[in-house]
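If you scroll down you'll find the structure; I have some questions about it.
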Amino acid sequence: MNMSAAETITEDEDERGFKSGVPDKVLHIDDVHKSFAGLHALSDVDLDVRKGETHAIIGPNGAGKSTLLNVCVGRLKPDRGAVIFDGDTLTGKAPHEINQLGVARVFQTPEVFLDLTVLENVMVPALSKRDGHFKLNPFAAFTSEKKIREEAIEIIHNVGLHAQLNDIATSMSRGDKRRLELAMCLIQHPKLLLLDEPTAGMARADTNATIDLLKKIKEGGMTKVIIEHDMHVVFSLADRISVLAGGRIIAQGTPEQIKNDPRVKEAYLGEEQV
Amino acid sequence: MSKKLIVNRRSVLKYGGAASVALATPYFFTRGALAQSENYRNAPTGGTVTFGFNVPQTGAYADEGADELRAYELAVEHINAGGGGMLDTFSSAALRDAGGGVNGKKVEFVTGDTQTKSDAARASAKRMIENDGAVVITGGSSSGVAIAVQGLCQEAGVIFMAGLTHSNDTTGKDKRANGFRHFFNTEMTGAALAPVLKNNYGTDRKVYHLTADYTWGWSQEGSIQKYTEPLGWETVAAVRTPVGAGDFSQYITPILNSGADTLVLNHYGKDMVNSLTQAVQFGLRDKQVNGKDFVIVVPLYSRLMVQGAGDAAKGIFGSTNWHWSLQDDASKAFVQSFGEKYGFPPSQAAHTCYAQAILYADACQRAGTFQPSVVGAQLEDFDFDGLGNGPTTYRGSDHQCFKDVLVVKGKENPSTKYDLLEVVEVTPRANVEYPAELLGGELGPYNDGAA
Amino acid sequence: MFSSLSRNDWLLLIVFSAIVLVLPWALQPIGAAYPDLLQKFAIFGIFAIGFNILFGLTGYLSFGHAAFIGVGSYVAVWSFKLLTMNVIPAVILSVGMAAVFAFLIGYVSLRRSGIYFSILTLAFAQMSYNLAYSVLTPITNGETGLQVRAIRQTAETSLRDGDVRVIDQLFGIPEVGVPITNLFGMKMSGYPGFYFCAVLLIICFFIAMCITKSNFGMMLKAIKSNQNRLNYTGIHTRPYLISAFVISGMYAGLAGSLLAITDPIAGAERMQWTASGEVVLMTILGGAGTLVGPVLGAGLIKYAEQKVSSWNEGILHNALSALPDGVEDFLVGLFSFFVGEGWHLTLGFLFMVIVIFLPGGLMEGARRIRASFGRDNSSKASGSKTVSQPAE
Amino acid sequence: MDAIFLQILNGLDKGGAYALIALGLTLVFGTLGVVNFAHGALFMLGAFCAVTLHRILNISFERVSETQKDFLGNPLKEQVPYLQEWFGPQVSEFLLDWSVPISILLAIIVMGIIGVVMERGLIKHFYKRPHADQILVTFGLAIILQEIVRHYFGANPIPQSAPDVFAGAANVGNWVGLGDNVIYPWWRLVYFMFSALVIFGVFAFLQFTTFGMVVRAGMQDRETVGLLGINIQRRFTVVFGLAAAVAGVAGAMYTPILPPDYHMGMDFLVLSFVVVVVGGMGSLAGAVLAGFMLGILQSFASMNEVKSILPGIDQIIIYLVAVIVLLTLPRGLMGRKGVMED
């Protein structure tokens, strides 16, 4: 049953004229398989993300969304298959190497440098982008790097944190930390931005603000992969959606296609029954 | 402590307080003033002279250090009173004739904690020299510390009167002109112990050495071998054990099958307490090997350590510098005065420190100054008696005291908790003498620390 | 190059330098103004500043830094024995050798984090200590410690017992007995020795300040704050950690060489775990992550070790003699628990009181006092904004 | 063959002691997440429980002896224990002889109380504090405890003897058919059995009681257990008391092997940390395994045959093994992910 579903998807894709090997494909997940102690978290996952699109991955709890993301950023090593980004295999690479290739990530719970100021938080990824993964230069001052500093301030302004520029991050609200984390990713001008439930645990107002922010970024033409629970967010942002259930991709398509896909309904209904 | 002494000392310290404020001024500003009087390090200017007592107050030897300090306080009391204790029996009458104090100055003292670490000991000695104006540093409970502090005193230009230090090196290859040792050494232990061992255990013994893995241990092992092997004893194995090993079982079990019938424990302090206790627990002393009773020997004994080893030490031979049960007048006088003041008999560490303080003060009195080179000359080849060890000489060529050595045995039926060792034999001084060149080293010139 | 330093930083540096240089006068009232203790303040100040670069900034708690002090000391004494009594080669070689050791130990130990890292460093230091004490005696002279000696007369004398000092011999510098270390003829004992240490302390303080305020320092702080995030930000943290480890190892090597310069002996117990523990305590006591804190902590512990341990009952009676006899005796009885041979007890209480009531160390206390006087509490003296965040 | 057999015995004996000392430490790590530098001091206090009991049993009045003289030549004041006066010499002798085993009871009570007071009064305020703060405060406490002990008992080791029936050595060789040269001290065999028993007891307690189940759950995930409405806090207090009591009895029973002095805790501190870390932070089984492994390796490294090939190996073997284990197994032998890694 599942097997045939997967085949159908491939056919669907072909109908829309999407072929593997097309140059504007940024991320290519090729037949990835991952199991934990015999439990299949991901099986035969194939996924393509096109340049400039916002691709959402949705699915019920335990469907393997986070596992998939972790495979992409090098945190987990797949048992089989490969993740190819912009011509480079990501599989087996360390997180910092993957980032240096141009993949940035926003975590489910905001991960920022709690002991540093907002400005410093944004400066760190900027310097990493400029200097590579290691530069031993204890005497070079960051204030001398005017351009980077100015850009950092501008981006902080864009995400709406300019009032807290010199505050230490530990005292910020969760929403602000999320915004800060976004700023940290944006300053690197990544080719691909991975967002793991960017609005999880946020109030509605905050969620809307985040959606607006992400929409704004979208205008810049950055490729994004979003993992999200909140359908409101998904349907306001995504260009295309993949549905993951039981470690397999069960459907893929535009928001409209997904909305009407019976298999998706079944998967979500199934979850609710449990 | 008696109230009388405290009052005494308090008035003394008032003067001392003033003196130390003056000394606290960085010395290159005050040097001119010093030069006017006598030109040597810390020449006393007021009515007092300061001795520096550098003893372990923390760490494994803290009890020994405390006993040393008690002895020093007693010695200072006697010197300032011009009599009392062993000062009354001491063959040189200079201090008694002076009627209190040294060179007309009252003795006061400062103390420091060596922690039984070379660095800490040097630091506290430096404080006493640089800040408190001590003209002499004395004390200590291990050879590493003694050698380190002796080197420092040579550099700084004050006399060092070593406390408990048993390694050959202190007056051997690490000897210094400014350093003097009253205590005996491993060479003498070997020479004194060997005949007694032969008389008690025969000439045909197979020996297993357990040796603390540092300079003193090696030196002790060497001298026991040197003096017992000509008697016919044979070394089966000499095993080095880490200092502070705690549990020695892994070193003791191989002895069982080694064919050895004698175990020599070249350990001191806590290592000795532990290895002896454990060796006895392993039933070594109940064994018969080669048709002989298995025996254990502990070359260097101290009553405090025997106290720690408890019953395990009973009947075991060793050597010691002095023991309170000696019946000569000097020892009796010392035990009497120490016992009255503190309520228990002094240890050998206390005895050697007391003797060193008296010897130094006496030499200064005879020299009429505290200048190291002049005082040292008074000590060199100085013959004396009445300090508990019989006729003694401070040999000029290596600054080592030569005197009788006590061979002792753990007492089988102690009457009190201090009555732990019995003197088996007093090996006469002639038997333990050796030429100074044997141990190498150079005394070098005296350093007065003058500008 | 130094533009990262704000006006406040320069001010702090000037005030710090001024205080260090007037210590021989400023410390007279508390009886600490004598060369040896002043030297120790400066030397352990350097050690603690260096340790803080690793621990205060990255949060990696090394329990084996004493090994580098030991390496520094041994190399310095060997330099005196083989090359020259001039201190410059000794300093350079010690720091260099400490860097090599730190790189080797750091490279291995930094494969792990947290307490596993601490135990790895502890294990390396303890191995160094145990070996130096026993089987490495030909190099270290074991328990007695490596000392400077007179020029050896024959080639048979082992190098431990007789020196060669090739450079000094080449220049025909005369020697009487055992020579003293010097800086181009200036004797390095007593106050000149202190000023040599003090100048190096100020330089080390300045370097540490530059590091703290630099990008590199920011990366180190980021490691402590959130290493995981840093990895996903494209930073490979290990090179940064190894660099910080090596730098702090070099500081320790410098401190070790200064110990040997002011007092030419090198003993194995400098490498024991208690010595490593001491610098940890100094840093936490003063305030980890701050610039001035570790120096303060070092001073306090060395003062306790040297001075508090020397206050015997006689001195107490003297100090309290103004009080009525009964009160005096009672107070002397009480205080004598804490001073003299009881100085460890004072240290124990000090640790507990500070960590319970001032969880940022002494610098946190200074900040609070300042705050209570209603002054600017983004204090310049704290030198770091993270002062309210006690180190992990 | 005999030598190897004896070294294995030594290793087991040492291992038992190491495991017993490390057990409490790892328990506190695992449950409370606290780095307790005072653990060595607790071991030392336990040893001094044995000394204290012996002294209490020996409390005496003075009787002037007609025959003996003291060291100053005055008539000796004989010390007669009250115990002997009240119960007669036989009971008194028996109690004094067995004072070390009896002191276990005292150690359990005293150390349990000390543990609980310590947890309530001090440690509980440090759960959320950085490890560095925990180290500083517990290290300070350890110094204070040992200085107090030094004040009352002095710095010198104080010998304690095992009961007479356990004095001397057992002819283990005869039991296993290896000849007369294979002997082993009775008390060490007793200590080994005792440590095995205590370790087994602690395991059983954590494995088979509901209390233990909750504690184990708390070790896995503290917050969840808290959410279930279980007062995990109170249980952790008990765990700390238990850890202190285990350290205490380990110390008390060790006194005939190693005459206790005030500093013995510091001497064992580093060792116990190495055992815990090699075993894996917070893993009880790991600590036991590491204890035995290190004990046996240390015994073999001390053999003359080994030392002649690798001089000094016995001095560093423990640390060398620690380095190797930690580099090959990131979290020690049986450590769980995420414990004490930040």
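A, B, C and D are the chain letters, set down in written order, and residue numbers restart from 1 in every chain.
What we mean here is this: contacts are C-beta pairs under 8 Å (C-beta built on N, C-alpha and C of every residue); 3 or more make two chains touch, one makes a residue touch a chain.
Worth saying up front: this structure is predicted, and the values here are computed from it rather than measured.
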Farthest chain from chain B by C-alpha centroid distance is chain A
Per-chain Cα centroid nearest the overall protein Cα centroid belongs to chain C
Calculate how many whole Å lie between the centre of chain A and the centre of chain B, each centre taken as the average of the chain's C-alpha atoms. 75
Please tell me the distance, in whole Å, between the geometric centres of chain B and chain D computed from their C-alpha atoms. 35
Between chain A and chain D, the Cα-mean centres are separated in Å by 52
Taking the mean of the C-alpha atoms as each chain's centre, how many Å separate chain C from chain D? 34
Which residue numbers or ranges of chain B touch two or more of the other chains? 58, 62, 66, 213, 240, 242
Can you list the residues of chain A that touch 2 or more other chains? none
Which parts of chain D, given as residue numbers and ranges, touch two or more other chains? 315
Those chain pairs that satisfy the touch definition: A-C, B-C, B-D, C-D
Interface with chain A, chain C side, in the complex: residues 1-5, 207, 210-211, 213-219, 221-222, 224-226, 228-237, 239-240, 243, 247, 385-386, 389
Touching chain B in the complex, chain C uses residues 24-25, 28, 31, 33-37, 40, 130, 133-135, 137, 142-145, 147, 150, 161, 176-178, 180, 189-191, 259, 263, 265, 267, 269-270, 305-307, 309-310, 312-315, 317-318, 321, 340-341, 343-344
What part of chain B is in contact with chain C in the complex they form? 1, 6, 9-10, 13-14, 16-17, 20, 24-28, 57-58, 62, 65-66, 110-113, 117-120, 122-124, 126-128, 130-132, 143-144, 147-148, 151-152, 154-155, 169, 173-174, 213-216, 240, 242-243, 440, 442, 444-445, 447
Chain D contact footprint on chain C (complex, rising order): 55, 61, 108, 111-116, 119-120, 122-124, 126-127, 130-131, 133-136, 273-274, 277, 280-281, 284-285, 288, 337, 342, 344-345, 347-352, 354-356, 359, 390-392
Within their complex, state which residues of chain D touch chain B. 2-3, 6-7, 9-11, 13-14, 17, 68, 70-72, 76, 150, 154-162, 167-169, 181-185, 187-188, 256-259, 261, 263-264, 267-268, 298-299, 302-304, 307, 314-315
